[in-house]
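Every chain is named by a letter (A, B and C) in the order it is written, and numbering of its residues begins at 1.
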Amino acid sequence: MIEYIIAISIFAGIYGFVALGLNIQWGLTGLINLGQVAFFAVGAYAFALAAKAGVPFILALAISACVSGLFGAAVAMFTPRLREDYLAIVTLGFSEFVRLILLNEKWLAGGPDGVAGIPRPNLPIGLPSELAFLTITAFALAIAFALTRRIEKLPFGRTLRAIREDETVVTSVGKISLSYKAQAFMLGAALAGIGGAFFASYLSYISPDMFGPNVSIYVLAAVLIGTQGSSAATLISTALVAMLLEGTRLLKDYITFVDGVELAALRLVALGVALIAIVIVRYRPGRI
Amino acid sequence: MELSIYLVSALVSAAIWSLPAISISLIYGVLRYPSFAIPEFMTLGAYLTLVLCGFSMPIWLAGILAAVCTGLVALAVDQTIFRSVRRAGMLPPVLLSLGLMLVIQNVVRFIWGNGNLQFPVAPMRPFNIAGIIITPVQLGILAVVLAVLAAVFLALRYTSFGRAVRATSTNPDLAIVTGVQPERVYGAVLFLAGALSAGGGIILAIETSLNPLLGWRVLIPLFAVAILGGLGSVVGAALAALLVGLASELSLFILPSSYKTALAFLVLTLVLLVRPSGLIKAAGART
Amino acid sequence: MSQILEIKALSRSFGGLKAVSGCDFSVREGSITGLVGPNGAGKSTLFNLVSGFVKADSGQVVFRGDRIESLAGHDVARLGLRRTFQIPRELKNMTVIENLLLVPAGQTGDRLVSVIFPGWKVKAEERKLVETAREVLATVGLSEKAGHLAVRLSGGQKKLLELARCLMAKPKMLLLDEPTAGVNPTLIRHLMSVLRKVHESGVTLLIIEHNMTVIMELCERVIVMDRGRVIAAGTPSEIQSNEEVLDAYLGGISA
């Protein structure tokens, strides 16, 4: 039981990075990103390849953040004016594009077989491995949280919020809104990349089928539940979503009348229904 | 000789993609949001057809019934779930369509499992028409899709329903003033989109095989086609399907087949970058 | 006297409709100039062209001797040519003072890298900016609203906020798009006195306005547009007795 709680906490922490990233893009700046899993996957693979090549943990983490951030910047540059409808299509398309590349390009990262034997960080503290990993994840998440909080409070964050409110105003006061939008998008992608790095390190094995659209929907739901724009609320709602969805993995031992595939399918149906319900509640007439 | 095989294959791809791509285009034109549930209507339609075939129904009848059922599902979902966020901008329906995508895909997986299923279509000897080799099934697909495209085109152009759709997509407020009931138009468009997508899905499943990811796998080509055709334009989407079909088949001469989808994504981003209003729509083709 | 803004043969059409066609006029530095004309005369489009929000099909815009017609909106703003919007575009879910703090260029904390540096410099800058913002709010008479969300302001107060946002940048010239539309008479008097203060501080004003009292009292020169071009220019009293102007307005009413 305690192992389950630790595992769920680690997953919640990992998705916390991804959700914090989406919160900067969407919650703070108003840029929708339906394909956050793409940057999560890029980060995971970058970390896996770097760590397996013997790069130390911290450095591999930095590499995956940078690579994901670069991909984020590229997507931002290839989406004209980062308009809402184009962003929705391009980000979702990009996430599937990344998954297909990972699946088909065997030379890059093993194709469908994925990458195995990804190392975990060595810790001097004498904790059991799982608990130690949770400690590191929580520590890193705390740093990421402090940084995103700082961004929200800085004039930079103010400009991002202004873009969410009305981009034309930001232009009219002489600021290049496109540059701010690209930076916000890059930052959000980098955070997702760090989440991906922890994901790869925790599971020690990754393959393309782990990076389906459900991860993106996961964090969309989390940011949507939390007050958009607030890092704290985002983290709390991510933990909630993780408990609900990862928690159902616990049921596997008690429910015997459905098999693994069926249970996985049901969990995703629940996620879909949850997203629909949240959207209806959040956007029902009479609410802003 | 070899080229003709690619051409037939490109034509068939275009035929398959054109139906769901038109659905995306129609919904975008009238309701102003990109619907990510369209690929799942394809999957749903194909599975329903297979179920109906199980009742020893001929495949064409099963297909028609399944398309109607899928259309009704799309209509019902629109009038219940999507209707509640009608005036809240573009994002809510997009997110809803994403949630719906997940629900349909996994309900299908829950019921029928992850495995590949085959349609009971007996293999037939291919025709050789003037050196072009084409199977009877492919010929049938092309004929059916052409007929459906013509019917949709004529319906949009010449019926009162078509006028209402076009009026709503140009200027919804003006359309209401002229007596169009928007909710009826939305419902009809969703029914049509669901049925057309199901048609595309059934054909795709006959040509390949059926699994829960049937529709999701063509998401990128579909959106590439819809955007290239200029979102909202039916003729544009049909022509764009032909272009993307040709491009991705001809790319096989120089690129491995795994790059097909990558190419479609490239088309998609390039069109958005160069001419966001769509190449074909911009060239003057209209609904 | 030098001209701060010169419009030369400026044209822009939207799908066959000539919104602005061959428009010519100039604005003297340090003046208050009125821009009037019937609805659809192309005044707002002209503002969009001058401020870089819409690109001209042809013609020139010269601001302080430099051609600016091909510049982007943010670049035009940086040159000191600022605009307000006809329908106020307040940043709804931000406070009034935040609406102003957004404006100043070159803030240290307005760059992403500042995240990793200690905050003392940002804080010191911010304190100064808050001071400036409070002065500007005092000028326009919104001091008490500083901490309120902008969405809570009345229509007239939103107009004042638009103006304050421009003043925050210490502009050289302001384009004001119907500053008194939808504002109650008491507030209009207040707005006019604010505009006079702004003008006395050395800012050139170009004002689109339908309220003729405002035009008559404030402007030293009035430019009249109709169907995308200038049909008359002169002192307010000259304009009032101009036949063509009356025709344009009466034609506009009867149409």
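Some points to look at:
We adopt the following convention: contacts are C-beta pairs under 8 Å (C-beta built on N, C-alpha and C of every residue); 3 or more make two chains touch, one makes a residue touch a chain.
These numbers come from a predicted model, not from an experiment.
Ranked by the number of C-beta pairs in contact, the top chain pair here is A-B.
Farthest from subunit B in terms of Cα centroid separation is C. Compare each chain's C-alpha centroid with the centroid of every protein C-alpha atom shown, and the nearest one belongs to A. Taking each chain's centre as the average of its CA atoms, subunit B and subunit C sit 48 Å apart. Inter-chain centre distance (subunit A to subunit B, centres taken as mean C-alpha positions): 30 Å. Put simply, the C-alpha centre of subunit A and that of subunit C have 42 angstrom between them. Residue numbers of subunit A whose C-beta contacts span two or more other chains: none are found. The part of subunit A that touches subunit B in the complex is made up of residues 32, 34, 78-80, 83-86, 88-90, 92-94, 96-97, 100-101, 104-105, 213-214, 217, 220, 224, 261-262, 264-266, 268-269, 271-276, 279-280, 282-285.
Of all residues in subunit C, those touching subunit A in their complex are 51, 53, 72-75, 77-78, 82-83, 85, 89, 91-94, 98, 101-103, 105, 107-112, 114-115, 119, 122, 126, 165, 169.
Considering their complex, residues 147, 150-151, 154-156, 158-159, 161-162, 165-166, 168-177, 183, 187 of subunit A touch subunit C.
On the subunit B side of its complex with subunit A, the touching residues are 33-34, 36, 81, 84-85, 87-88, 90-92, 94-96, 98-103, 105-107, 109-110, 113-114, 216, 219-220, 223, 227, 258-259, 261-262, 265, 268-269, 272-273, 276.
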